[in-house]
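For clarity, chains are labelled A, B, C, D and E in written order, and residue numbers in each chain start from 1.
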Amino acid sequence: MLVDIAFVALGVVAVLSGAAVFVVDSMARATYALAVSFVAVGVQVLFLQQSYVGVVVILMMVMEMAVMAVYMVMFMGMNPALMPMSMVHSNRTAVATAVLTFLLLAAGILVVDWPARRGSPPPEVTEALGEALMGPQMLVMAVISPVMVATIVAGVVLAAPRTRYDRFGDDLRQRPPDDPQPGGVGR
Amino acid sequence: MDSMAMRPALLLPEIVLFLGALAALLGGSFLPRTRQWVTRVVASAALVLAAAMAAVALAGPTAVAMEGSFTVDPSTGVARLVATLGALVVLALAADEIDGSPRESETYALLLLSTTGTLVLAGADDLLVVAVGFLLTSVPLYGLIGITGTAVAAEAAMKTYLLGALFGILLLSGVTLLYGVSGTTSYAGLADPLAAAPRAVVAAGVVGVLGGLLFKAGGVPAHFWVPDAAQGAGGAVAAFLTTVPKIGAVVAAYRLVGALPDTLAWPLLVGVLAVASMTVGNLAAYAQTDPRRLLGWSTVSQVGYLLVPVTVAGRSDLALPSLLLYLAGYTVTNLAAFAVTTAFPRRRELSAYRGVGRRYPWLAAALVVALLGLVGTPPTAVFVGKLTTTAAAWDAGYAWLAVLVLLNTLVSLFYYLRWIAALYARPTTEHPEDGDPPAPWSRWTAVVTAGLSALVGVGSGVLWAVATA
Amino acid sequence: MSHGSAQTALWLLVLLPALVGAVLVVMRPERVAVPVSLLTAALTAVLALLVALSGPQVSVPFMVGTDLALGVDALSALVVPTVAVVTLLVLVFSAGEIGRSRARFHGLMLLFAAGALLTATAQTLPGLLLAWEVMGATSFALIGFWWHEQHRVSAGTTAFLVTRAADVGLYLAAGAALAGGGGLALADLPAASEGWRHVLAAGVLVAALGKAAQLPFSFWLSRAMEGPSPVSALLHSAAMVAMGGYLLLRTEPLLAATGWAGPTAAWVGATTALLLGAVALAQQDLKQLLAASTAAQLGFVVMGAGLGAVGGGAAHLVAHASTKALLFLAAGAWLSALGTKQLTGLRGAARRWPLVGVASAVGALSLAGVAPLALWATKDAVLAVALARSPWLYAVGLAAAALSAAYSGRILLTVWARVPAADRARVVQHLDEEQEGTRHVGRLETLPLLALALGALTLGLLALPPVGDVLARSLGEQPVHPGLVEMGVSAALALAVLALVRWRPAPRPGWARHWLGLELAVRAVVVGPTLALARALASFDDRVLDRAVGAAAAGAVGVARRAAALDDRVLDGAVESGSRGTTRLARVAARADERGVDGAVEGLAARVRRLGQVARRPQSGQLHHYYVQAVAVLAVGVLLLLMVR
Amino acid sequence: MLSLIVFLPLLAAVGLVALPRLGDGAARWVWVAVAAVDLALVAAVWLAYEPPGPGRLAFEERVPWIPGVDSSYHVGVDGLSLPLMAMTAVVFLACAVFALRDDDRPRTRAALFLFLQSVSLGLFAAADLILFFLFFDLSIVGMYFVIAGWGHGDRGRSAMKFFLYTFLGSLALLAGFIGLYVAAEPHTFDMVELARQTPLDGSPTAGGLVLAAILLGLAVKTPTVPFHTWLPPAHTDAPAVGSAVLAGVLLKMGTYGFVRIAMPMLPEAWRAWAWVVVVVGVVSVVYGALVALAQTDLKRMIAYTSVNHMGYVVLAVGAAGIVAEGSEQARSVAVTGAVTQMVSHGIVTAALFLMAGVVWDRAGTYDLGSFGGLAGTAPRLATLFAVGTFASLGLPGLSGFIAEFQIFAGSIAVAPVTAVALVGILITAALFLRALQRLFTGPTRGASRGFGDLRAPELWAVAPLLALSLLIGVLPRPLLGVVEPAAEVVVQLVGR
Amino acid sequence: MTLEAALLISAAIFSVGLYGAISQQVVVMVMMGLELMINAVILAAAACWWFLAPGPTGQVLLMVVIAAMTLEMAMGFAVAVLLHRARQTDMTDMATDLSR
């Protein structure tokens, strides 16, 4: 019972903090609200016996939100992150869409005759995950790795304005590199 | 045959491509800017090798790898061949456009990674593999689109990314729902539990997954990024993103609907989306003045045609071979059209093509073949594809779909003809770039691919035999 | 003469003039044209006599399962030499008369003669129709021979179109013959099944009446007088017009087999003879007079065919050919010499060139029906049968005969008149009004006249007992001898009318002066409305039909707008009331309709462009619009899957 | 043999394109030579031809193409296709000769026309629906470039209209083909097999719909009222040789489809809808003639007479579907007439359009009112034009008569009401005579002054065509002997 | 703790995220909306695993979802930076050169 109450309470927290993301008046606060929402869900996942995944979610989101906050301040030069602001369009449509979506989903969730549970959770959840990753689902994880490579490459390509040829010259022989601000190890 | 074995050797083409991407990436970082063509050679070699392996695998029997999550059958084989060869053609186009650009090797790496994703999608026999395949195809695309760093490229990348993210989430939601009610993600075990599961959940899940695949394919309602990306990205990249990822997505969609139970009217849904795609694409293409944007819209409509055999999957023997044939024909034809635009990178208005017919008859002829091919004029490959897909639709009792395909073909004629008409119109003096000679690699690529598109049509019997093997 | 050579002769009879004519027309060898043409015509005449004597049959496979069969039987044995000889004589005359474009003229004349000869010998319907229309086409070319003058060409056009309108009957007949099962050979036509036989007869009748310038088609003959005189002499007396009568004679069994076609033909013939006689009487222009007279005389032939008096009809045909060719040639001779064909201007012309005058007098007397000249006997042969059949018909025929005596008398009196000094100025005033007169009639022109006069003098024998009986028997009918009383009555009537005319000039009925107003009527009733209809349809074609496609597209635009309206609603999140939507749809449809009417078929492209604008509206460039649309479409997709099982 | 005939021009075209060194003059002569050789080959086939009998083709060749849908490269001839192939070869040779003096990009044009020749011959030889469609569509493409590239006036627009309109037709046709394919068991696109199976017999609705699609496609190409509106602008703005090919050869593709596809493969539906076809035919005949009568533009006028002439064909094939006891002979006569009309119209109209091209070349206008007395300045043109018009209006002794006589005799015998269409021959006569009169007679005036008569290439292009028409008109047996057995087979197939 | 409760919460989070994705102008804020949606998917996946099919595949699914979230966000930042650099804007509305 207590577990139920806690679970629902966490859910309410997750929803409300999620909503807060778009209500609070600065980006930094929005970031934190999002983090709260994630943490709440992460705890819920823990409730659902997925300790490993739950922890991963929590840790990852805290880190990510920290990055995001820094990013807000650093890259968005005008520094809107700390200033109250509202940048919203088509608010009515958005509200309508969201509400409709929710009603549709909720109706479905409540009306559907959910099937009974198939099987029972393995005794060692995390171990089972590991075995699945090394077994039937190996391909999935194997593909995730090129995706990560791709993300790194693509992210750098998009984000970095300067290439190695800007730094080291067309033949990569220019030393020291031509950087706008000197830095790095040993400088 | 032991279906529960790993057999990673069956995934050799994908592995080769991934390794090729890494090699290109690493090699590029040690090469002077003007000698990055070496990485192009490396990438080409990887593609050729992968194609060869795919061909070998195609000759072999159908097999499943990675404990049933990946199938190597004729569909995979044809998709692998077409995708790798298509990517090879894109590399040829890139030889003009980005030769010596600072991001050249990264571009090749991303191209190869995305191609790998397409192959994964094409062979995926498991919802989770579809999900990761989706990611692997999409993520490099965002990078490729924005790689030139221009304002329009940035905008196109932003839109593609945001749409991709949304549809990725929908895809994952769909997978979650389907997994929830069936307890598995493997196609092999999906049909029976789904037939017994609550229809609403299955419907929502299928729509989610299908939505994701439609994003990759560029069909309605996830088509918004296609014309933007085609216009905003570089020529070679535009050629790539309107062609290669589709191959995997459409084949994946075909596999997906094959695993669905008959309790759901999914053929109707796919059919309606197909019609929506072809109609919206054709109508919207009508008034375009930028050739690449026009081609972008045209691919939206082509996806509509490609979805026709998906609609009738399992209901007509013609469905699968016609799909593969259409894919092959479409790929080569669309690449030919894009090759012409990369041959004239500065002609970004249809009117700028005035007089090309007289000055560069071969290139103009290639474009004519490509455009008429896209219309579906015999004997080009797309015609055979369109014919057989239409026949398949009719054969399966979807005569209305066949009729709509033909009607849409008529509408499409308008805008393709506008371009052709411009080619042979008298040149005007207002376009100073008229003096630009066409880029050599693109030029020959255009001619070769256009010829190939006719050849594939004429030799479609052979391809058909392969596809039905 | 062997069988084979007779057959060759029959082929040559048609092919020789045709080939030579074609060569002359195409190659235009002006220098040798006349000798070649005369030689050909002479050879043709010889061949005609040969085949008339030997009566060969030939055929080659043609079409519709029938042959192109040629044959000479008694009837054609009579007609073929007539045509060939008259052709020769007319060409001889033309050698003197026609000075320019001789090759073309002689070539066309020979082509025409070939057509006429083929008509006369044709044994099957396709072959007949072939020859029939070739005659029509060459007549167009010959009437409009002097093409520098538009009115002559349009006269040719009129002649061709009117006769072709009647020819439609032969096409109809061909269909009927095919359906009737009797076959397309002329001899087999009566064997057609009951219903089709009537159609067949009607078709043949119409075609023949058209060619023979019977009512109501007569007016084309008036216009045809724009052509050169030798053309009139051949086409409008001996050959083409006569072929109309000939066709009816040839298909007499068919007419008889229907029960109604024969009497109809007889009455049409009689009426034409009467009314066109009156028309002839009213003419002031010699050629017009002769033309009307031709139609009237052919009326007797048609009457004969309708009554089953083939022998009499054929004899009248031949005799009339000779007589009328003579008169036309005389008129032509005077026209080229004096430059006029008005009777007033021709007063006393016969006295100036007595040889021509005498010959023409013989012709006119024959035409008047004076005994014992040709037309007297032949006409009576027809009238005798008429009397046996119906006194009314006989009465009409007799009245017509009286009219022919009256107009012949006018000709005679005019050309032989002594012109008083007081009137001389009025006569001279007419000279050279038509063309520059040569004041000369050469020997080439005179000789044919004399030959033809001989015919006009003697051909009556064909209808009189010894020869006439042979002819009748060879045609397979019982010889009918007009009673002496009747012959006497008709001869007396002719003389009386002549005397009357001498004593008191014949009246010139005003109502008949313009050929009964037939041409005007046709122009008003047929030509005008057709042209108006054609113009109306042409503008319909340009303005409406061409744009209908666009209108269809407009409908699609309406649908698309409706779809777009739905789209807007999704975007705005507002729900419009159903009634508003309906009125909006109606408005859209109305607008589309307007566009459909004023657009062009090319507007299809414009409309698709408009549709394209609709289709591109969702592509707003605003990402959040995309999101809403995508989610909405997918939600609809889910609902679709749920709704449809 | 047939493949050689079909692809020889295409090979030559590729050669012309691939060898830009070849001068313009050489290109022209290559065109003439290839067209002549092709004609000789067709003549050889004609000489060796024996009627193959029902359900068969002569000179058959068959290679699998797309075995999956049972479509093959299947060619063959019979009495319906052989005359049309011969006519096609003749018309293209005439065009080649005609263009000898024309120096507007001759190399490309020669290649384009050789391509068109291949396509046209291929269409008539095709015995597979997809192959047929392939050539059908390519003919549109080729003609589009001819009009857009070498036309005059508002050519771009006319060409576009032509393309769109006829492409619509071709798509309808394709829909019909697919319908036939799907209905056949086993599925096939083979014409011979489909004619044997008649897959849609017994399902009137489906049969009717498929027939409607096929008829729509063919009606647009033919064209019949009310689908003809692309024709006048296309002709008016096309070059002379283009018009000649368009009217002479391409229009026949539509009418040929009636006898080759619609009638044998859908006999039941054809019989059911024969009256509709007859009505369309009659309306086309009368309407086409009347609208032509009102034209003041020479080329538009000839174009509309094509509507009229094709109307006769439609009328005849429609009548052939009205099956009654004992009407086989009449229906076969009608079909024979229809095929003869296709050949005759091809030859004659090509000649007329070539001469219209001469008029444009000299005077730069087609307006009948601008001329007068041309017979004085251009006697050769006058003679040949007169012969052409007479041939066109169906004067006996020329090919048009043979065709029209049979069409009328057969149709009237089957359906007497078709006699209404006889008005057509009258109006055609009127309009052609009016045109002759306005162009050639009267005093020489306006654009007729200084008008140069036919030059040798023009003469040698036009005169043989008309001579051929004359030959058919006088000696129709060689042609009819080939057509008649095939027509009987068609009638028999429709009657089953 | 029932499936329905968990899914309802998930649906609520999803809807909030959707609202954000649609209504926000700034790219990063749109991304936050998307993250919330992924958050909802995580919860749904966990719930489905626990209540419906507690097999190992479900956990892998969760892993994939988390990985996807991370990767997508990384790309998102890169795209935002690019947009900012190329167009001096971080708002989706201000990048509408490509339309129609």
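A few comments on the model shown:
Everything below uses one rule, namely that contacts are C-beta pairs under 8 Å (C-beta built on N, C-alpha and C of every residue); 3 or more make two chains touch, one makes a residue touch a chain.
As the structure is a computational prediction, the values presented were derived from the model and not from experiment.
Shared contact partners of chain A and chain C, listed by label, are B, E. When chain centres are defined as mean Cα coordinates, C lies farthest from chain E. Taking the mean of each chain's C-alpha atoms, the chain closest to the overall C-alpha centroid is D. By number of C-beta pairs in contact, A-E leads over the other of B-E and A-E.
Here the spacing of chain B and chain D, counted between their Cα centres, is 42 Å.
Remark: chain B and chain C have CA centroids separated by 72 Å (rounded to whole angstrom). Chain D has its Cα centroid 70 Å from the Cα centroid of chain A. Remark: chain A and chain B have CA centroids separated by 30 Å (rounded to whole angstrom).
Residue positions 128, 131-132, 135, 139, 142-143, 146, 149, 157-159, 162, 166, 181, 183, 200, 204, 227, 284, 287, 414 of chain B each touch two or more of the other chains. Within chain A, residues 89-90, 93-94, 97, 101, 114-115, 118-119, 136-137, 140, 144, 147, 151, 154-158, 161 each touch two or more of the remaining chains. Among all residues of chain D, those that touch two or more other chains are 160, 164. The list of touching chain pairs reads A-B, A-C, A-E, B-C, B-D, B-E, C-D, C-E.
In the complex of the two chains, the chain B residues touching chain E come out as 128, 131-132, 135, 139, 142-143, 146, 149-159, 161-162, 164-166, 168-169, 172-173, 175-177, 179-185, 227-228, 231-232, 284, 287. Residues of chain E that touch chain C in their complex: 18, 21-23, 30, 92-93, 95-100.
Those residues of chain A that touch chain C in the complex are listed here as 89-90, 92-94, 96-97, 100-101, 104.
By the touch criterion stated above, chain C contacts chain A in their complex at residues 571-573, 624-625, 628, 631-632, 635, 638.
Across the complex, chain E is touched by residues 616, 619-624, 627-628, 631 of chain C.
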